[in-house]
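Some structures are shown below for you to check.
The same chain A turns up in both complexes below, where it pairs with chain B and then with chain C.
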Partner chain A sequence: MTVAAAPAPPRGSSVDREQSMALAFLAPSLLFLLLAFVTPLVLLLGVSVSGRSGLSLESYAKLLGTGYYLNVIWNSLRLALLTTILALAIAYPAAFALARARGMVRTALLSCLFLPLAASVIVKAFAWTILLRSDGIVNRILIALHVIDAPIRMIFTETALVVGSVNIFLPFMVLPIYAVVTQLDRRLMEAAATLGAPPVAAFLKIVVPLTMPGVIAGVALVFSLAVSAYVVPTLLIGELYPTLASTIAKAYLLARDPQFGAAAGVVLLIIAIIVVTLSARLAGRENDR
Partner chain B sequence: MSARIAILFAWACAIGVVVFLLSPLLVIAAASFSPTPVFDLPVGGASLRWYARISALDGFWPALSLSLQLALLSTASSLALGTLAAIALARGRLRGARTIATALVSPLMMPGLVLGIALLQYFRAIGFNATWSALLVAHVVVTLPYVARTMIAGMARFDFTLMEAARTLGCTFAQAIRRVMIPTLAPSFLIAGLFSFLASFDNYPVSIFLTDVRTKTLPIKMLQYIDEAPDPTLAALSTLILIATVVLLLASDRLVGLHRMAGTGD
Partner chain C sequence: MSPPDAPHLVVRQVSKRFGAAHVLDRVDLTIAHGELVTLLGPSGCGKTTLLRMIAGLESPDFGAIELAGRDITRVPPHRRNVGFVFQSYALFPHLTVYGNVAFGLKSRGRTRGDIDAAVKRALSLVHLEHLGARRIAALSGGQQQRVALARAIAVEPEVLLFDEALSALDRKLREEMQVELRLLLREIGATAIFVTHDQDEALTMSDRVAVMFAGRIEQVAEPRVVYARPASLFTLGFVGLSTRIPGTVAASGEGRVEVDTAIGRLSAIGNFIVGAPVILAVRPEHLRPAAAPSGNCASGRVRSIVFHGANSLIEIEAVAETTLLAQTANDASAHLKVGDATRLCWPVAETFAFPDPGAGA
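Right, the complex of A and B next:
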């Protein structure tokens, strides 16, 4: 590093000034997040372990010790996993097509990615209940195509839930992957071909690693959004599929049991923190390459 | 040969994505013209009466006004905070800049519902019971990471020697920001602002814990309408919001190009 080799800058030098300016610029954001984000979360942790008579781990015992609540945690993770895998499977190839598009086609395709973000999650989830009803459009199309003979029940099933969830979170997978694919140098593939690499090997060894930062960003974002989704499960499956999010809402809004709600919140928070840390680690390793 | 198959497959997926993403929007748009009072695809004829009924929705105007205020003010605050932080991270030669960046962006991946209950407990504990201000603080927490993420990525690619060049050529610092930095970073500002606005405008899981009987945001009202009487009025309202967004997207495309905006997504 050149900075280390140079003699220590005198007080008031430009480096010094730049650093203190940087700290002054960062201070408002960090202070705000400390007061309005970190402190409330620490307080929540406190609430989750405070029973009527002092410290109590009762809520955690209930969450992690009963089959019903273990299943609730698994439901949240399962929804997030299925959503992430399916979204990645369609978004990854689609991002490549998107990156090849030019002019009007590109504008139209990108508009289609941005547009759904403008419709409320509530209304989109409700639209899926219309699409997936027994007399809904999806059933009618499947019958017309002779895929099925009679309408099948889709709404209030896990399939409906996952379809709706992928639909709502898909743009958050496509956009970060698209952002890295557009920066790929196409000559890399040509170079690999010239050097005799078969296309599949070239793709796996060159393109896939180069797109990893986008994939990591998309996977981390979609997983953490889906694991804590509240509106989608509520409207598309309801009581049949209790999740951590619905447990929290119920504890606060109906049962008035803040300690248990806070504990469920902390579990969800820990899942989110694991995802953030893991993705930051992986992204850091990608950057260091 | 296999390359061509791969490209065809990629295009098939892209078309699949588009159809899949647009289908609920088309259902909403079609339902808004329904002649019958059920939220469903219209059968036999079309009607505009649900558009006329939007303003008659119980508590609609206060909810819309509250949601617009929160979205605009939280976006403006987040843009100010996030841009300053991004400049600091790009220029400051700070140790641990990457960790700070992660910390600024991480609330994005924190469960909204958890943030909602945490803020509820916190505001109660410190005796802060002004609903409107509580909502604004919460919405800044929600929107700041969207802005920080985009602005940090944008600033990292911004060539700060351009600013020095502008200064050398006689611009004041403020002029250099206005004439050089803002136009160059326009796509980042636009996408950050757009994402931030929408994240606030459509927020349900944080707001639900902080509203009271008289102060309700639009998404909370909308879920209430759907629970009570899902008639096509809601579809009409959503269609209007969609049309406004199409106009906004076309304008953004004219101004800076959507591909530049999408490219700064991360």
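Right, the complex of A and C next:
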């Protein structure tokens, strides 16, 4: 096989022009982000390293050096990981169902996906506590059906936490995958079939790689949201499962230790940045292939 | 072209309905090994459905399809060994040119060396051997078309199926590809079916043309026969141009009819009972300005002249709102001008009579 020459680059002038146009369009949002996002972040970074007597890394040492806080970080990661995996497992087929649906069915399915976004996350988390508490609907139904004799503990378990978290963040996984699936040319599957690929092989070799950008985007979104979730763990499991987000809240609201809170915030941010950067890299590679 | 010998592909009484509409209505078609056949017809005539059925992408309600002696009516597409070239090419955008062409070979579990050799051969047949590492998005439309072709022929399928495969190319490139593709298919001895609504493509590419209309095959014949001896009024109208004159049969016998028309009594080929309403038709190249009248003749005035390079198409207004269409060579002689009076004659042997579909209704 010969190595192909690189395609001729477009003329320089038009590229320059395009880039300056793009920059002009981006300017308002860049300015906004600078004021509303970068400035507070710089302040946060400053607070996280300023102790009572000047520069100090003790908050980071405490976070990364104590078993309790390492466990807190692990809790956040674990919740994010479980939520992401489960959400992906549910969202991937759902996105295809959504893309295949037509007319009223499609509208109904899309509404099911979008409408919950209009309800506050607090409302949804409370709804789960009502469903799952010991005299809640799920326990009553199970008892009425004689599946169980006495109420089982569902609320304040990790299962409840993950179920609630998946429910709340699911739309953020479905939508990017759905967007990619609707772009998928069905002829590609037919082409694979006429070339001798059985349906499963065609799916793995054609559909999976082509939907990967949507999967990566969904994973990045849901992971970032779940790793920093505050309301969901607080309401569905509480003190049993301290997370980075709840640690930040406690540091600011109860312990009045802004340095520690800021440090925890920076750690959370770094985790999110790593995930998003990795995803962007992966997505870029997918597009380059 | 040799006459069809052992049938390679047999379509037997294939029917398909979508709701109340007959997409295909008891279609029969037999294709010999190495034959190039075109399914020609307007959109909605069922030609693409028939092609997709041969590939296994649609299934017939009734009827059977046999390929290379095997009944494949209920065989899924991936076990049929057909090659399909899609109108949109349907190349895999995440794979390279090489990856696309190798796909079918990998699916068949060939060894690495076999795959490499087959991909190289296929790419060199379409003159793209130097572009194996190229991404699909970095190719021109014509190159993508070639990759689609290479991908389909790399697996050496029993039959190659082309669904309007050339229609996305611009005219000049399309005409070049028609000739090149025909040579290539001959070279590899492929059996191929083209679907097109483009009569020029059908006449250029194929050993035989199957003209389809409303879910039925109207005529299957060599291109010159389809053109010169159309079996139905539909074929006559769909392939090539013609003058049409309605009339009533006045006398009939020995394969010839005498027909009374608005421009006088004309003779034609056909068997009809006296009094039958018919439509007479003649191709424009048979109409000639005649010094000594012979065969059928009519007088009129030139209404328009359309210049086509080597020849011109002339519309002549005869009596009773009858328009004659003549094609004349643009040599130095006999230049007609718009408004000129002229008399045209044409041979009886090139005048066909068809039953008038409008008269009985």
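Here is the rule we go by: the second predicted complex is superposed on the first by the 253 of 289 C-alpha atoms of A that agree within 3 Å, B and C clash if a C-alpha of one lies under 4 Å from a C-alpha of the other, contacts with A are read in each partner's own complex, and residues count from 1 in each chain.
In this section, a residue touches a chain if its C-beta (ideal position, glycine included) is under 8 Å from a C-beta of that chain, and two chains touch if they have at least 3 such contacts.
Not measured: the values here are computed from a predicted model.
Of the two partner chains placed around the shared chain by superposition, chain B is the only one that A:284 touches, whereas chain C remains out of contact.
Contacts of A:209 after superposition: chain C is touched, whereas chain B is not reached. Which of chain B and chain C touches more residues of chain A: that partner is B. By the touch criterion defined above, A:187 reaches chain C but does not reach chain B. Looking at the shared chain after the overlay, A:196 reaches chain C, while chain B stays out of its contact range.
In the superposition on chain A, the residues of chain A contacting both chain B and chain C are 3, 199.
Of all residues in chain A, those touching chain B in their complex are 3, 15, 18-19, 21-26, 28-30, 32-33, 36-37, 39-41, 43-44, 47, 90-94, 96-98, 100-101, 106-107, 109-124, 126-128, 130-131, 137, 166-167, 170-171, 174-176, 178-180, 182-183, 199-200, 203, 213-214, 217, 220-221, 224-225, 227-228, 230-231, 235, 245, 248-249, 252-253, 258, 261-262, 265-266, 268-269, 272, 275-276, 280, 284. Those residues of chain A lying in contact with chain C across their complex are 1-4, 7, 185, 187-188, 190-199, 201-202, 205-206, 209-210, 286, 289. Residue ranges of chain B in contact with chain A, taken from their complex: 2-3, 6-7, 9-11, 13-14, 16-18, 20-25, 27-28, 31, 39-41, 81-82, 84-85, 87-89, 91-94, 98, 100, 102-104, 106-115, 117-122, 125, 137-138, 140-141, 144, 148, 194-195, 198, 202, 204-205, 208-209, 218-219, 222-223, 226, 230, 234-235, 238, 241-242, 244-246, 249, 253, 258-259, 261-266.
Considering their complex, residues 55-57, 76-84, 86, 88, 90-95, 98, 103-104, 107-108, 116, 119-120, 129-135, 138, 151-152, 155, 161 of chain C touch chain A.
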